[in-house]
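Mind having a look at this structure? Questions to follow.
Going by the order they are written in, the chains are A, B, C and D; count residues from 1 in each one.
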Amino acid sequence: MTIFKGVVPPVITPLTENHEVDYPSLTRVVEHLIDGGVHGLFVLGSTGEVIFHDEAARGRILDHVLKIAGGRVPVLAGVIDPTTDRTIARARAAQAAGVDAVVVTAPFYTRTSQPEVVDHFRYVREALDVPVVAYDIPVCVNIKLARDSVVTLAREGTIIGLKDSSGDDGAFRFCLLDLADRPDVFLMTGSEIMVDTALMLGAHGVVPGLANVDPHGYVRLWNHAQAGDWTAARAEQERLCRLFEMVWAALPRVSPGAAGVGSFKTAMQAMGLISTNVMARPQRRLDAADTARIVERVRAAGLMG
Amino acid sequence: MTIFKGVVPPVITPLTENHEVDYPSLTRVVEHLIDGGVHGLFVLGSTGEVIFHDEAARGRILDHVLKIAGGRVPVLAGVIDPTTDRTIARARAAQAAGVDAVVVTAPFYTRTSQPEVVDHFRYVREALDVPVVAYDIPVCVNIKLARDSVVTLAREGTIIGLKDSSGDDGAFRFCLLDLADRPDVFLMTGSEIMVDTALMLGAHGVVPGLANVDPHGYVRLWNHAQAGDWTAARAEQERLCRLFEMVWAALPRVSPGAAGVGSFKTAMQAMGLISTNVMARPQRRLDAADTARIVERVRAAGLMG
Amino acid sequence: MTIFKGVVPPVITPLTENHEVDYPSLTRVVEHLIDGGVHGLFVLGSTGEVIFHDEAARGRILDHVLKIAGGRVPVLAGVIDPTTDRTIARARAAQAAGVDAVVVTAPFYTRTSQPEVVDHFRYVREALDVPVVAYDIPVCVNIKLARDSVVTLAREGTIIGLKDSSGDDGAFRFCLLDLADRPDVFLMTGSEIMVDTALMLGAHGVVPGLANVDPHGYVRLWNHAQAGDWTAARAEQERLCRLFEMVWAALPRVSPGAAGVGSFKTAMQAMGLISTNVMARPQRRLDAADTARIVERVRAAGLMG
Amino acid sequence: MTIFKGVVPPVITPLTENHEVDYPSLTRVVEHLIDGGVHGLFVLGSTGEVIFHDEAARGRILDHVLKIAGGRVPVLAGVIDPTTDRTIARARAAQAAGVDAVVVTAPFYTRTSQPEVVDHFRYVREALDVPVVAYDIPVCVNIKLARDSVVTLAREGTIIGLKDSSGDDGAFRFCLLDLADRPDVFLMTGSEIMVDTALMLGAHGVVPGLANVDPHGYVRLWNHAQAGDWTAARAEQERLCRLFEMVWAALPRVSPGAAGVGSFKTAMQAMGLISTNVMARPQRRLDAADTARIVERVRAAGLMG
């Protein structure tokens, strides 16, 4: 049985006004999440603005989170690089740092085919001693991991799990059905707003960016689902859906990417968890009007006094 | 007036059977292009499989080409990195190596807005002492440089030119019209098959991947256009269009990316210019049947005895 | 409270070998559905191949189904026409025939904006005395009904419900949340494979094409959900998911449209409900190999002796 | 040799304030075009708002234009219906009215495959005694006519020509190359802004919506191209490009469809050719501010005193 399950937030990366990583704030974020009862941490994911950080910065962020986590929960590390051999190099660094698994996307910038994507995961796995989780995020990499690719890679042992951020819950359901006899493979949704239903389908975990803001909420939701109390799970999810609407507060003034992660940072700054809501360049930072709309949602969700 | 104009091929990067850069072959490619009369070289572009090479490899490739070119033609270097500060770091390295300009795309993997893309180019330019060329390649980065963005960036001096690989020749035409009073700004098409028409529109240069195979053809085409002999230009272009059909020889067995650059490598191997048609992983290599189809086209174009 | 709720299959339109509507088969389909316990019928939807039938044929199909149904269940009629005034003309005919509601899409072929789509529904509603249901099917009409459009139209009384075939379950959930205080508005999913979860979200009905093949299954699923037995609902849904895989049996030999509805017809022919699996032109008909694969699934689902 | 060549404007359909077809204005439009020297008329195309008119209205529009044209130029009629048998019925009516050819799109609303699209044209052709022109307009019908489909249909005699509104000038060029030995097949571009280059590629005709506003301009452009004077052709085209910018004057207040045809109607109303700029519902009409911007362009192009 896998050690990966439950609520595994994609940890945000707080920045200072000078666009440096703000490690004291990052420490507070990790403690906030572990206090909230999360079951694991996903560092250096899209929500962590991984793509904005170079190799050295990624190494420091990873080391810091591993040190603060201190083995209290497993740590998965995103290895988000465009092509196979660059991915292998970064994944080996993450492996050496001591992560429990690496989370790898299909190649991007280049246009690969589905068989080439399958080969990509095989080449990466062969070069490592650490488990590989496939990260399906077509909005970023421009190709969807086909159901057959996921099932093939899982059955042959190339991947031990999936983080599905495709939004295609039907395809996700068929992956769950196809792998129902494989309890060693875990399938996680990246959704914030369809977590109760994903768990009803049998998902093994959830990776909601919004859990940075409200880890307790997602842990309660997880616990309700584990107990089979779908009425309570739905009620908790609906409260979180209303909170989630913060991701649209800054549109269209900023990009969807900046609006989403930026809203989490803005809420967390308002809650006293991090020092700024600075976003990595060239993303625009949320402004005072955006912040006012977000704080209103945070209050409505019961997260501020 | 700009020094950049004419035929500026995106130089392929030959590989050995072990997936190492094949420098002797790369030397032959550069000499082949300069012998062919090209007006500049674009190193580390998409056709150069830049996205598959890490920072160290990119540095070595660039140094090698600069050394072989030896100032005979200007050298532009692609700086293809997902986000602003990573782009700046790579661009500074290219600047230090001595390139004549850097060629920069919009951010990728992350979803930015058009204003954030404009900011991206501004941040990059401010950090450099070398001219910046914008590279519009939505198929890779998932966002199109809007006509207004290009014109704004050119007029304010942030960019000195454009390489348009968007396929939107109408938008390209409006950029040419809007900047007709600015002879210091150059606008290049990345097309292989609409070069005569792009030149008739007033394009200042062309960056066709197929020029790796047949630089003489594109130089003849350029010269016909300069002489206003559109009939001869069209005839040359049509011969090159037939040659270009090699890019579909391996579809759908390999990805579009691998099929296109792979066909150029396959033709160049058959012509004795490079040692293998190996593609960077996870791209699939063209096989014997693909090669036979490609050689037939190369012969039909008069490029093999 | 609305009379529309529960399982409302989009009725297929059986054809003879000569591409005429096969009314005896259509009678059997309607009786099969009502025997199966469905709560309503949706005639002349996409699954009914409405777009292939001209005005006269649509009128005859509608009259026939209304006659056979005989008031035992409410009948909703698709009015699928590209633009406003043509929609109004067809909707008036459906109204005159005696339907309980008309189901209307956004305009298609032409590219309209979201405000123009809202106006479209208003113009249609003003011209009728029968309730209007919005049909969100972007794969056919190339525009998604925005959440705000749906909520606005529902609150002002222009539409009394929604059939959501967009596949965007997150947006559907927000519509349900926004209209939770309006029990007179009903929101239905067009999915075959996410019905249990849609009902857990609070959906008021389901319009699965696959219910033509197995109405009893979807009625059981509905009843389990009404009883709050989500474990039984999920088990029933998973059986139906396996049955649903028939829609891919003929790909890529025929188009996705022909493969989906064609698989339902093929299964129903094998079950003795209809006489042929003929599809309207130019759609290709499923062949013997496709049929064998489909019959296997029908048997596995327990629907054939 | 075909009788179809040259400038063949897609005739707009003027409306009264009551959304009726304005026949006196339509008469003036036809005379304006023939006076302008056009070589044919394309009635009931997308620019003619065909999709908004029912069968009876289409018949009246067609009869009117045929009567006014009176054989002075050939008349092609768009037959824009979603599916095969409905297309055949409408095409027979157009044939009976006396058109010189019918212009037919791929099916829409339904999702067909490329082989089904090829069958569609074959079924339509078999049912008619009038020539068929293929109309490639993926933005409306959601599928692109593949180069192989066009070439196959042309070589076997199913179609006698193509109106290419796909914007994919590279694919258009390959169609021209593939059919260079077939002078009986004519290939027309639907572009307004790439007409000079299309003619340089060897296109046999052009179908620019903007020719409703300025037929003389496009006829001069055609004549320059016929004379091989590409410098004059380009200058004329560039003037027309600036005029064309009117299509963006009303964005994003109205939809792209309404903004484009609406700008032509607005210009023609200002020029005294038609009585209103009313658009068919639900399209929004251009307002006074839009009109002011458009009139400015019309004046700059030398079309108003």
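Things to note:
As a convention for this text, a contact is a pair of C-beta atoms (placed from the backbone, for glycine too) under 8 Å apart; a residue touches a chain by one contact, two chains touch by 3 or more.
Everything numeric here is computed off the predicted structure, so don't read it as measured data.
Touching chain B and chain D together: no chain. If each chain is reduced to the centroid of its CA atoms, chain B and chain C end up 50 Å from each other.
For this pair, chain C with chain D, the centres built from the Cα atoms lie 36 Å apart. For chain B, no residue reaches two or more other chains under the stated contact definition.
Taken as a contact graph, the chains are arranged in a single closed ring, with each chain touching exactly two others. Here the touching chains pair up as A-B, A-C, B-D, C-D. Interface residues of chain A facing chain C in the complex, by the touch rule stated above, are 167-170, 173-174, 177, 191, 193-194, 196-197, 200-201, 228, 230-231, 234, 238, 241-242.
Taken together, the chain D residues at the contact with chain C in this complex read 19, 46, 51-52, 54, 80, 82-86, 89, 107-113, 115-117, 119-120, 123, 139-142, 252, 254-258, 280-284.
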